[in-house]
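Given below, in the form of structure tokens, are the structures.
After this come two complexes, each holding chain A, first together with chain B and then together with chain C.
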Partner chain A sequence: MIIQLIVDRLKQLIPALLGVALVTFLLVHLIPGDPVALLAGDRASPETIAAVKTRYGLDQPIVVQLFYYLKNIAMGDLGQSLRFRIPVTELILQHLWPTALLMIMTILITIPCAIILAALAASHQDRPLDHAIRAFSVAGIAIPVFWIGIVLARIFSVQLGWFPVAGFGEGLWDNVYHLVLPSITLAIGIVPVLARNLRASLLEMMEADFVTAARSKGVPESYIFKRHVFMNALIPNLQLFGVIVAFLFGGTIVVEKVFAIPGIGQLLISSILGRDYYVVLGLTFFFAVFTMLVMLIVDLVSMLIDPRLRS
Partner chain B sequence: MNALAIPMRAVRQLPGLFIVGFVITFAWIAVAILAPVLAPYDPDAIAFDALLTAPSPDHLMGTDQLGRDIFSRVLYGARVDLFMGVVGLIVPLVIGVFLGLLSGYFVGWTDTIIMRALDITIAFPFLVLVLAIVAVLGPGLSSYFVALALVAWVPYARLVRGQVKLIKQTDFIAATTSLGFGSTYTLIRHVLPNCIVPALVFAVTDFVLIILYGSSLGFLGMGAQPPTAEWGVMIADGQTYLSTAWWISFFPGLALLTLGVGAALLGDGTAKLMRVER
Partner chain C sequence: MNYAFRKMLFAATVAISSAPNIASADGVSISIAVAENPQQLDPMRSANAPDILLHGQLYARLLHRDSTGALSPGLAESWTISEDGKTYVFTLRDAVFADGSPITAEDVVFSLDRTLNHPESAYPAPLSAIESLEAKDAKTVSIALKSPNAPFLGNLEVFNASIVSKTDVEARGEEEAFAKPLSSGAFMVDSWDRNSSIQLVKNPKYYRDGAPNLDSIEYRIVEDANTRVSLLKAGEVNAVEGVPYANIAELRDAGFEVPLEASTKTQIILMNHDNPPFDDVRVRQAAVMALDRVAIAKAVTQGLVTEVANSSLPGALNFHSQDDAALPYDPAQAKALLEDAGAVGAEVTIIQVSGSQVSQQIALLTQALWSQVGLNAKIEQLDSAAFRTRRKTERDDWHAAPAWYYNETLDPDLAVRWAVCGTCGSNAFHTGYRNETVDTLTEEALSETDVAKRAELYAEIQQISTNEVVHIPLYYPPFTNAYASDVEGLFMTPAFQWTLEEAKRK
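Coming up: the complex of A and B.
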């Protein structure tokens, strides 16, 4: 039953995947200049040029080229980095860990903060604490993450010396230590959005008939909150959380630049500035596929929690 | 039936935060217009005898690594960032509303194509796709505007399409059609005015995001290019001098934050106002 659901959702993913590949293919073709010259380098011999042309099918009509591109992508070949002369896939894998750790830490900070703020606001509805949290969550979308990062670095790294100013360090604990400020920075950007929506769904659930029913049966208020209100309020926010993870990718790019973290965000920026087009578009494709996977997982988890979504 | 009319009762019940947002936003618009009058220095004037000076009565927000007056640059920066927000907003708004109208009104292949394009666009993280397009076109503000036109229309198309689908079922649209008016007339005269409100409400919030993403691009070196007095570019300038001259990054960021918060409160208030009316 669950396996059937997963298979169905994966099938729905195929047209979107093809579309994403089509977009990156089009972008590759919009690049100014001759792609062969880019791929083979300025001083390439005629043999190399011919080999590159055949490998990427650049001597073929555009429809055939698209076919080659899709085939290469399906086999995990996103092209060759012009700067590093290694496959784009390999380059991405080399830079993946710092970004992954940064995102994990951000999510671990975000979730408890968002839940606490939302629960506090909802339980103090229309009182000063609620107003303060709501104002923060409305204003929160306007916080420039890169600036907050710089301000935090100035206070906690330069002034107080508690954390390193930049870099990633060696070994897991050192890595985590280096990412404390960056992940707090990112969390400041997303906690307000999540808290705001969670508060709204908590309040909605508190008015629900099944909560009134539980209350009239004399179920303790704390139990109602935990078991009925909270669990039901979680489901719509799980969907939002998927969107936020996609949004986080944008944030990591900026924050990695602020704190000089050698992740895929920095790789993207340096590749754009270095005109390393195949890395840029390979990363774009990678980001999109990853985002789709996160959405898929969110959908599946929602279905696991809520049987109503399974039909 | 005029969906844009705001009842006086709702105006009188305006939440305090909405008024705060309104005041902040329009204060920044005034600053942008009056920048040449208010700024004590030429924002681009280099002064080698006043490099990296701390905030003082002479230079309210200090000077940067080229001796330029930060206060003047922040004031002129309001022009660049507001311009970025307005231009960056209008183009996707028009495209999105247009596609949403088409997609909601004409079922069949028009709808299918637009919805497919929409699905594919949202599969990419927003900033990543914008950066990829800017990478291909080359860094700069105009590339950012092109990227926004290609990417940021999605929420508008979605909102308007949903509204059109609802409006299409109503009697007065059926009446217009049965009176023999053409689709173009019906769409522009009757469907559009009744579908545009949610899109316009969202636009106020979107304005904040477009400025934030634009200044992020400036910070990353992909948006407005130095020596333009753009807040994101100025924040990037100051990062190098973080330990010695904190004011270079701090004040442009504060400007960005206050404008953003103002517009966000305005957006939230507008959304509430429209809901009161409904």
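Coming up: the complex of A and C.
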């Protein structure tokens, strides 16, 4: 059953990736702007630009370029960065760790916060604590991420000097230290979404028939909550969580810019602005694989929690 | 207090995280936060500002320019110039690359030839006077020019006249060789995290005795201007490039130096002469006279620049004439000129680079002021790749564009060729301006060796091109770099180079 799911997903992955490759290839080549003109600088003559284009194969008809591109990715070669003249894979790998660590830290902050806030709100339904948590949630969703980032940096880095203003540092602990504010910034944006949803699910489950049944049999409240309410409320939220993790990439782009973190969000933006075609394509490819993996993991975890899905 | 708190917070990892970043490298170091991302360390391949700044640190040239702007012998110890001014013979000093291999005449010929003749060379113009290059022996280079060339020695000092190692480039291949170049300059690349930072360390084999003072430089690429300012305020960097005008007062109040160094930049509005209505000189003159340029300069620079540009050429250049040739603010006269040209109510498109606050403000103010004399502008924002393509190749789709340019030397020749000459390959900075007198004067001034006569020729070029409105000169922007008080001797030269060789920490 589980193996079947994995095999099915992998089968879906191939046409999906092909579609992603085709669409992004056409999109990046259709937006106006010339990578070589940007690279050489404004003063380069048309002859110079033409010579550089020939060397990169950018003078070929777009269909031919597409053919070579697909052929290369089939062989596992994502091509070379036009700007830095190093392989795309190498460039992505260099930028992967900061983003990965940022996402891991954000998730580690988000999960306990969301669960605690939701549980508190649900258990204090319609009382002041519930209202306070819901008000915080609305604020967290409404305030733009970059603004939170700038404000946190101004207060905790510039004024108080507790954290570095920007950058990534060297060595694991220094990396973690540099990412404290960025991951809090990101978490402030997503905790409310999860907490609100989880609160609603908890409330729904607390009034479910099987909970009433358990109560009437004298099962202790804490056991009911852990075993029946919480587990059942988790299932729909796990799917939402999967979507949010994939979505988190969008957030990292903004946060990486504000905190000058050398991650793949920054790389994507600078590559789009610099028309660094193969890096944009490689990253899109990477995002597609990542998103599908997250969804697969979410489904597998759902199966673990929910016996109904296993049968 | 900050330091103590950091220690407390990360007591277990004191060794790694407690020391402030800037002190972590060995020896004396300076950390600079820059806005733009360097991409090419090959001096021949790029004329982009962030690359040029690094080329200047990594490679020595035949001539050297110190922080006062004076030209002195560099890798060339001495030289002779023939009577007819067409042959230069340089004698090289005993200098070596960072790996200890000698810098020979072969390397000089190889390097200059690459910049001049390589089909992918980004900007051969500074060396275009060269007819042929020859290594007479290991220490002697002979350069024959097509004609006498007044600014030639100065041009041998610009970024892409950098000397690279022939042996190394051929052995490692271009891509490898310039991913981690073999330095001939004051600093060499220690590590390069693309999109993030470049660590430079002192080149111990550098030919100038006692230079540089610094042991290392950390070059941090921080795109967001707010973040750059915060980094400086928090003491994580010692210097910041490109502070927004709005943050200057704040930094000065906090005790940072913002000297506003003079630059060879000119902030302008480009006009497209290929299409109506700006193909008509009367409409261009009306477009200038409709603009209150003093008000624009003050608004954009938050009152820091109060003088307008007096001409189409950068004010910091040699031979710059102080005569104000630019037309005055006179909306009534502007209206009359437009009526005269039958261009009242003309529709024009201003294109503008998105993300540039300065460009945006200029575009908006221009739109407002033009509408008062009967020129209807619409503004289109483009990202810089699309902007450049539009400006250069889609000539029917724009009429005006806020822009700036700078000159890599103080000699006006290259600036004239870039911004006003119609036959010099630049299409007069994409305007399409053509004036045969200007074109002839450009060549005459280049080979004129009498300084007074050269000055007259450039004054004439300045007068004609400004009066015919090749573009609208707005103001001469200074560099807006900020420095911590413990940095000494670091600034940016008018020709866009850091004085890192002389810089010190107090």
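Some notes on this structure:
The criterion applied here is as follows: the second predicted complex is superposed on the first by the 257 of 311 C-alpha atoms of A that agree within 3 Å, B and C clash if a C-alpha of one lies under 4 Å from a C-alpha of the other, contacts with A are read in each partner's own complex, and residues count from 1 in each chain.
Keep in mind that, in the parts below, a residue touches a chain if its C-beta (ideal position, glycine included) is under 8 Å from a C-beta of that chain, and two chains touch if they have at least 3 such contacts.
Since the structure is predicted, the reported quantities are computational estimates derived from the model, not experimental observations.
When the two complexes are overlaid on their common chain A, residue A:31 makes contact with chain B and with chain C alike. In the superposition on chain A, A:135 makes contact with chain B only, while chain C stays out of contact range.
Of the two partner chains, both chain B and chain C are touched by A:257.
Legend: residue contacts after superposition of the two complexes on their common chain; A:273 is shown touching both chain B and chain C.
When the two structures are aligned on the shared chain, A:110 is found in touch with neither chain B nor chain C.
Legend: residue contacts after superposition of the two complexes on their common chain; A:291 is shown touching chain B, with no touch to chain C. In the superposition on chain A, A:99 makes contact with neither chain B nor chain C.
In the superposition on chain A, contact is made by A:150 with both chain B and chain C.
In the superposition on chain A, contact is made by A:158 with both chain B and chain C. Touched by chain B in one complex and by chain C in the other are residues 31-32, 150, 153-154, 158, 165, 257-258, 273 of chain A. Chain contact summary for the complex, chain A toward chain B: residues 15-16, 19-20, 22-24, 27, 30-32, 135, 138-139, 141-147, 150-151, 153-154, 158, 165, 246-247, 249-250, 253-254, 257-258, 268-269, 271-273, 277, 280-281, 283-284, 287-288, 291-292.
Put simply, chain B touches chain A in their complex at residues 17, 116, 119-120, 123-129, 131-136, 138-139, 205, 208-209, 212-213, 215-216, 219-222, 232, 235, 238-239, 242-243, 246, 249-250, 252-253, 256-257, 259-261, 263-265, 268. Of all the residues in chain C, the ones that touch chain A in their complex are 1-3, 5-6, 9-10, 12-13, 16-17, 21, 37, 39-40, 45-48, 51, 119-123, 125, 175, 179, 193-197, 220-224, 226-227, 230-231, 233-234, 236, 382-386, 388-390, 392, 394, 418, 425-426. The touching residues of chain A, counted against chain C in their complex, run 31-35, 37-45, 47-48, 51-52, 55, 83-86, 91, 94-95, 150, 153-154, 157-158, 160-162, 164-171, 173-174, 177, 257-260, 262, 266-267, 270, 273-275.
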